[in-house]
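Step one of this worksheet: look at the structure below.
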Amino acid sequence: MIYITRREHFSAAHRLFLPEYSDEENFEVFGKCSNPNWHGHNYILFVTIKGEADPQTGLVIHLRHVSKLIEEKVLQKVDHKNLNIEVDFLSGKVPTSENVAIGIWNELAADIMKIGGILHCVRLEQSENNIIEYYGA
Amino acid sequence: MIYITRREHFSAAHRLFLPEYSDEENFEVFGKCSNPNWHGHNYILFVTIKGEADPQTGLVIHLRHVSKLIEEKVLQKVDHKNLNIEVDFLSGKVPTSENVAIGIWNELAADIMKIGGILHCVRLEQSENNIIEYYGA
Amino acid sequence: MIYITRREHFSAAHRLFLPEYSDEENFEVFGKCSNPNWHGHNYILFVTIKGEADPQTGLVIHLRHVSKLIEEKVLQKVDHKNLNIEVDFLSGKVPTSENVAIGIWNELAADIMKIGGILHCVRLEQSENNIIEYYGA
Amino acid sequence: MIYITRREHFSAAHRLFLPEYSDEENFEVFGKCSNPNWHGHNYILFVTIKGEADPQTGLVIHLRHVSKLIEEKVLQKVDHKNLNIEVDFLSGKVPTSENVAIGIWNELAADIMKIGGILHCVRLEQSENNIIEYYGA
Amino acid sequence: MIYITRREHFSAAHRLFLPEYSDEENFEVFGKCSNPNWHGHNYILFVTIKGEADPQTGLVIHLRHVSKLIEEKVLQKVDHKNLNIEVDFLSGKVPTSENVAIGIWNELAADIMKIGGILHCVRLEQSENNIIEYYGA
Amino acid sequence: MIYITRREHFSAAHRLFLPEYSDEENFEVFGKCSNPNWHGHNYILFVTIKGEADPQTGLVIHLRHVSKLIEEKVLQKVDHKNLNIEVDFLSGKVPTSENVAIGIWNELAADIMKIGGILHCVRLEQSENNIIEYYGA
């Protein structure tokens, strides 16, 4: 097994809050990330796929196809967007890094299988200090 | 002369647009940065101060004092905020990186002089690919 | 399972040596890291916690609580300190990166469980070229 | 078990192509990496070894010995070389990152065992956006 | 004056040598960079433009236009190419980082002026350890 | 004029203090950097040289010669050393980043001129957040 990772990035606004909570309760749970006027991040996304290297070409998968898939299924939906109100796969979810990573996994897993790979990990760096990794359910 | 730089960072939402423009005109000028529902960034801020090293202590300035100043005059105003509607020193300005850098310069220059340094440069990285430097008017 | 990582850093002095060895023997085993007058590093610390995302909040754990714990149990003890003579959890150990990582694990594991997470990995970068990862005994 | 990683780097030229393919077929499979006049990369190599920390010295392995081994068995063969025509352990292989990582594993695994470690992972970053990890057959 | 920088990257092969020199003389002058079978690098390119921020839009220049220019005049010519034999603006030159930076400057300076900016600096990182900056003749 | 930069790094211990001050006074001036038992850093050093590119070779200077000079005049003296008590060019100085940068400049300037370059800048990163630049007296 070989693991191949593609790094991408996107910039987005979000707010962490539950509508059933007061502002004080939201601040208690989510801290300054619950600022009612939004804030945002440069997210760095690492998509890792596992597979066998083709004995002839030496490739696990065509990274161009992976990039195209990430572009269509993820980046076009989240880049320069508001994660709370514009992203179908996050609808009804608090856009924590945890939920964004799970959402990206769900967007990509089946399509990566169709182009011959197995999605292994979605890694999302919300900042250089806070990192999420998700390996599927 | 010695140049000493302190690196800090903050996360914020913004939207680049002019209210007198239509959405189409704003998109023409500002591209996807004019998304009406905001987007955001992790900004990396470098504040450079010049001065002579004190012959006894070997210090140009106490970096703790510089950090405290940046914290009070800049980070508390912009971190986890919306640059369009929550930041006094950006009021009435389009929050481009250019204007944010100029605004930070104006916030800091006089106070840095009071603690014995001369503000030399405000460098603002909106992403790893887009960087602004401002050396004062 | 989701894995969430917090990155922190500290600066410390140390010396790798065994008191029962001569200087020559210590140099043979530990190389220039055995310099009798100490040397030091900027250590980068990554603490990874695993857990389920809370279905309501979308959070595995409150990272603020993790940061506070790392600050109290680790950073206050090691930052700007001498790892050989000032750190209780390294007493009697050679402060190799291996032992520092194991020591940090032991400092944090039980307390992270108390705040609802499971410590998964302590990663310690002594320099950009030398990295240790410890996943518990 | 402790995992210890050494980071190294090398610069090399290569071309991805199969001689039995036409230029058009090679471009279809390998994209611009099949440019007939070569291109090249700065590769970053991470070699991870696992083992127990010696109870006396606190070391898993002497990193100097690992560095020396990587220098002799890998870097002298690939640094400032053409991966298609100058590297014995890639002979007859398309020098994809996958095959380079596998080749480096095969060069190092037995010798690392001789100096008391177990090779755990070869990670090869061909660029900041494309990363391969290989954990052995 | 504001300075705005766009970061791009490309990968290329090259060989440093003078055809009138013997292999030994080339090795004496250019070291392992004179390897007859080529080697290559991931180059990181920073293009810095200076100008006044537009008082209405807050922009020095439209970075999209700069990116498009760099793509057309530089990246399409050098990315995944051989700098010795495929790049018009390096014809007859030894492709040292110095000459590549000067060549990129000459490709861009006039066109950047046409879109309203003044080219200030071309910075080229051939590796993390070797960096060239050119500010024009 | 072309500016060429070589990046190097070293690890060292130090303590910021004046012997004529009490521990309290030293802590007041130097903060936690005055810890009596030392602490340390991974320093990143950038040495920038300016010159004209040789019209035939395209080189400003042979970087190998610069590296050798930095190795002999700086790194052998400071790497894995105690900056307060083992470094001739810091004798009698408080080893602040300011003084270390000035000291490195003085070690290198004349010798760089002998190999045909002009020392332009010594940049010293004591951590990712604290950076010094010195351009000579």
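Going in written order, the chains are labelled A, B, C, D, E and F, and every chain counts its residues from 1.
Here, contacts are C-beta pairs under 8 Å (C-beta built on N, C-alpha and C of every residue); 3 or more make two chains touch, one makes a residue touch a chain.
Please read these numbers as outputs of a predicted model, since none were measured by experiment.
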Shared interface partners, meaning chains that touch subunit C and subunit E: D, F
Neighbouring chains shared between subunit C and subunit D, ordered by label: A
Residue-number overlap at the subunit B/subunit F interface, same or different (half cut): different
Most widely separated chain from subunit D, with each centre as the mean of CA atoms: B
Repeat of the E-F interface, chosen from C-D, D-E or C-F (over half of contact pairs identical by residue number): C-D
Subunit A and subunit D: spacing of chain centres that average the CA atoms, whole Å: 29
Separation of subunit B from subunit C, taking each centre as the mean of its C-alpha atoms, in whole Å: 33
Residues of subunit B engaged with two or more neighbouring chains: 128
All pairs of touching chains, each written as two labels joined by a dash: A-B, A-C, A-D, B-E, B-F, C-D, C-F, D-E, E-F
Residues of subunit E touching subunit D in the complex: 9, 11-14, 32-33, 35, 37-42, 79-82, 85-86, 127-128
Contact set on subunit C toward subunit A in their complex: 1-8, 46, 48, 53, 56-60, 62-64
Subunit C-touching residues of subunit A, taken from the complex the two chains share: 16, 18, 29-31, 93-99, 101-102, 128-135
